[in-house]
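The two complexes that follow have subunit A in common; it is paired with subunit B in the first and with subunit C in the second.
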Partner chain A sequence: MSGNNHNVSCPKCSAENQLRGKALTVALTCKACGTYFRTGKWNKAAAEFQHLKEYQAIPIGTRGKIDNFVYEVMGFVVKQETRYHFKWCEYLLFSPYRGYAFLSEYDGHWNFLWPIEGDPRNNIKVDDFNYEGAEYRLYQKYNAQVVFAKGEFFFDVLDVTESTVNSEFIAPPYMLALEKSNDSVLWCQGEYFKPKEIAEAFSIPLSKMPPRQGVGYTQPFNSSYSDKALILFSVLVFLTTLLAQLTMSSSAEDKVVFQHDYHDTDLQDQKMIATSSFDLTGGMRNVEFYIYAPVENNWFFTEFSLINDDTGDEYNFTEEVEFYSGYDEGYRWTEGTHTAEAILSMIPAGRYHINIYPEFNFNNHAFSVTVKRDVPVSTNFYLTAIGLLLFPAFYFVRKHYRERKRWSDSDYSPYYTEE
Partner chain B sequence: MADKIFNCPGCGAFNTAVLENTTLLVCKNCCGIVFENVDSGIKPVPARVPADWSFVQLNTTGEYDGNTFTVVGRVRLQLRNDYKNFWCCVLKNGKSLWMMESFASFAVFIPDWIAYNKGISHLHADASIRVRNLNLRGEYVEKCESVSYEGEIAHWKLFSPGFFFVQASRSEDDTAAFVVEKGEIECMLGKKVDVQKLNLKNIIAWNEWK
Partner chain C sequence: MNWDDIKGLRYFIIYSILLIGFFIYSGMVGWLWFNPTKAEPVRGTGRSGHVYRYHK
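And then the complex of A and B:
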């Protein structure tokens, strides 16, 4: 037969306190006066705290569902790190079917932590290690003290907090926390939760949750896809694009349909040279114009009009060739080339000629034109490839910035050693 | 083994013992001592088990290592910052095993107490502890504040508080429970077990947590 009378009286004000945690509760704060005390043999007032209610987002007794298990908030503490004096909140949760767990909150960032069996480091005391497929890295080591407590606790939270050295290892969104003292070693595993998830789990209005500030130390950079998935996706799309490019290049006709050399004497009294007609076959395909002019320290400029003999449709463009060279302090230098290229895309099949309006210069008297139908073009491929690279590049640059920010509060930042 | 029926000397209620090595039988009606065969100098005194949120209870059944068992008794250790429910289970052949439970964490021990002669200085948190051929690591050392019991208890010696309880484990599997009392150290070896694998039936349904 089990007993069921779980009332304890406060050693300070003598108020009766009924224990929600039954015999599991070994320490509590008095509901009447707030005094913290232990049950059992150590039933004496241990501490009184100044009111820090504004820190508490989830009231004692609130129930919430995490991982499909209902937890009840049994206790709440505000802890302060002893070296840098920053404070954070911890909620003690309980489920008869899962035991106890913790919710910690700092700057609006939440972690849900639960005790685990065994040593994730396999008893090898290293700062970086692999556990369940994730790479964990030491983020912080600290001592702490309780500056406010409310509710019930299954251990003497004041004594345990002050007697343990804490080490926290992160692999966002996961963490492993080690609490170690002369009397105990406890490992907890944790996972980052968004304020909205906690608010929904415990039916708390989101407006009551503390606002999120900065980057949480276990806050994942992106929770919708992993780095590996992004890299794999980018590589796959790149390979698909490359395959499409290679297919299109190998099937391109790349056929010379017109070629002719011209001299300024061909102009006679005209400003224009009309070429002979040539056929462009194969539907909507591109056309490449290749111009060569043997200019020397000079330029050659010309306008082109590709004209459909049947419809009169015109496609106009200009090209300029310039080439300069000389010697400067014993070194030969050159600038420009003797050639120019232009590509008109999506030119329908038909019979065409070109009207050329050349502007010769004093030492340039000739040029040649070559026209090719359906040439392989790689520009689109390169533009696509650059576009594909931009997103992951932006992603990883931004991630690097966020990681630096995440580690900026850590004494074990991998980034400071680089500086 | 045939069941043995005892009359409670306090209230007269019938109590049945099913273990082949009963050390203590507590009356299911008045919590008085019905039968005791304690070999230590300190005799147990009636100590009602306080209610906690354990979902195991007397007559809970389960399976371990291919054998079915039934919970017939409990020794509850209230430690300074923890608790341990040692549920005494009877197998079909009348032999027993201990199912240790604390905050929904379970381990099963074969009730074979082993003397540990290396001294208490070896038993502390994070220490390497070797028992038989097992290399374990100390998890915690806690002083026992109170002991309470119910039902039928197999071989068990510690019926008064004040001793130290030490738990050591290897990875997520082997575990050992040490008790340290007046310089004497004994331990039981066991296995940590996922509660799902114990297939417990006739458990308490805490509906408010569903």
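And then the complex of A and C:
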């Protein structure tokens, strides 16, 4: 190998290679034959790789803007995990203003990583820790090897990859990656990027990007809004509904508009009792009927017709009161009640009377009817609260299953249980 | 909660406003969404006033 003015010749085919990284470049692959070799006197054998061009989505030399800094793609490697043998891609990027960074891609999911100073764990070897306000959890620990390389590198990517143990901690969409060898430690911070964002940053057609499969290990479940915002808004709408319910309940008229006690003698020779007329005021409101019958081991059944005196509109319904009691092995038991309630929805204002068709039984001869206008009800409130909770409930159930899927490829899954 | 959160939650916000609005409207007109009393309305039969009717 020989070279000058940032040109080096390939030790295998002697082709001249001009270095993009100039003096920073430590290793590269020959543009003519693809052989991987080191610049300078490293006394290491050159390496050749089986061509894995189909893995590469962004060509060497492509420039793209990430976080408002222009990066150029210097090198590309395909790495393979040594235990489970899964492969992923890494791109070495360089910005004259920010130094080097990495783009990693696995199953169409992208992470942009940049080196950081210091130890985010404050030199305490823990699997879970807090860094910059996010809770990081160990996702994977592995050794890897390079199975394909292309372009230029500022370090011996083969040697570094094979001599380091990698640990990755995630707090989606962020991650922290630790590369540790006997004599070096490198921490990188990373963030998840959508394929579309990478395609736009490097002006690559989206169709050329590898398709996204499964759940990326740093892929956020939802990037449109935070969990905190959803919880806060859900509480807000619930309190609004509760306030509306309390306001409507307290302002309900709840007014007795008719009350009368009846005896079977009131029927005389007829089957029906027609009440006196009463007024329902205040526009459209509900009407509650409260029926009391002093039945004992018996039932009382009646049909009601609430009739508008002016229009002839009728609202017909039936109610039944039953009450049974007795002694069984020395204990008194009861079943049923002496009362029944019925509510009619949306009854317009007007003058009304009720036709009552009672069915008395042998030992029951009386009943009473109380009619109230505009009574407070709570059923709608409960249904509204359920309706409002459906969205956050569905969100968090879906998130739970998504998180389980995210951690299904990890040896450190918090969801893992021995079964 | 910031502007991005509000944008992201827009469908939930619209749904909540509609649901709460419907809830308040129902409360104002005395509409019970679930009513165990099965009332059978009969429009203007012309039998207004006190009428005699045999029991069914």
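Note that the second predicted complex is superposed on the first by the 343 of 419 C-alpha atoms of A that agree within 3 Å, B and C clash if a C-alpha of one lies under 4 Å from a C-alpha of the other, contacts with A are read in each partner's own complex, and residues count from 1 in each chain.
In the analysis below, a contact is a pair of C-beta atoms (placed from the backbone, for glycine too) under 8 Å apart; a residue touches a chain by one contact, two chains touch by 3 or more.
Model, not experiment: these values are computed from the prediction.
S.K.: After the alignment on subunit A, I want to confirm one thing: do subunit B and subunit C clash, or do they fit together?
M.R.: fit
S.K.: Mind working out whether A:Asn380 is in touch with subunit B, subunit C, both or neither, as first, second, both or neither?
M.R.: Only subunit C is touched by A:Asn380; subunit B is not.
S.K.: Have a look at where A:Phe154 lands relative to subunit B and subunit C in the superposition and call it first, second, both or neither.
M.R.: first
S.K.: With the two complexes superposed on chain A, say which partner A:Arg98 touches: subunit B (first), subunit C (second), both, or neither.
M.R.: first
S.K.: Applying the touch criterion given at the start, work out whether A:Phe37 contacts subunit B, subunit C, both or neither, answering first, second, both or neither.
M.R.: Neither partner.
S.K.: Under the stated touch criterion, which partner chain does A:Phe233 make contact with: subunit B (first), subunit C (second), both, or neither?
M.R.: second
S.K.: Give the label of whichever partner, subunit B or subunit C, reaches more residues of subunit A.
M.R.: Touched residues of subunit A are more numerous for C.
S.K.: One more residue to check, A:Tyr192. First (subunit B), second (subunit C), both or neither?
M.R.: Neither partner.
S.K.: Between subunit B and subunit C, whom does A:Lys180 touch in the aligned arrangement: first, second, both, or neither?
M.R.: first
S.K.: By the touch definition at the top of the document, which applies to A:Phe202: first (subunit B), second (subunit C), both, or neither?
M.R.: Neither partner.
S.K.: Pick out the closest CA atoms of subunit B and subunit C after fitting on chain A and give their distance in Å.
M.R.: 28
S.K.: Do any residues of subunit A touch both subunit B and subunit C, and if so, which are they?
M.R.: In the superposed arrangement, which is not itself an observed complex, subunit A uses no residue for both subunit B and subunit C.
S.K.: Across the complex, what residues on subunit B touch subunit A?
M.R.: It is residues 28-29, 31, 48-55, 76, 78, 80-83, 102-105, 124-126, 128, 137-142, 145-146, 150, 169-172, 192, 206, 209-210 of subunit B that touch subunit A.
S.K.: Spell out the residues on subunit A that touch subunit B in their complex, using ranges where they run on.
M.R.: Checking each residue of subunit A against subunit B gives 1-4, 6, 21-24, 26, 40-41, 63, 69-70, 72, 94-100, 115, 117-119, 122-123, 154-156, 159-160, 180-186.
S.K.: How about subunit C: which of its residues touch subunit A in the complex?
M.R.: 1-2, 4-9, 12-13, 15-16, 19-20, 23-24, 26-35, 37-56
S.K.: Name, in rising order, each residue of subunit A that touches subunit C in their complex.
M.R.: 222, 224-226, 228-230, 232-233, 237, 240-241, 244-245, 248, 270-272, 274, 283-287, 303, 305, 307-317, 342-347, 353, 355, 357, 359, 374, 377, 379-381, 383-384, 387-388, 391
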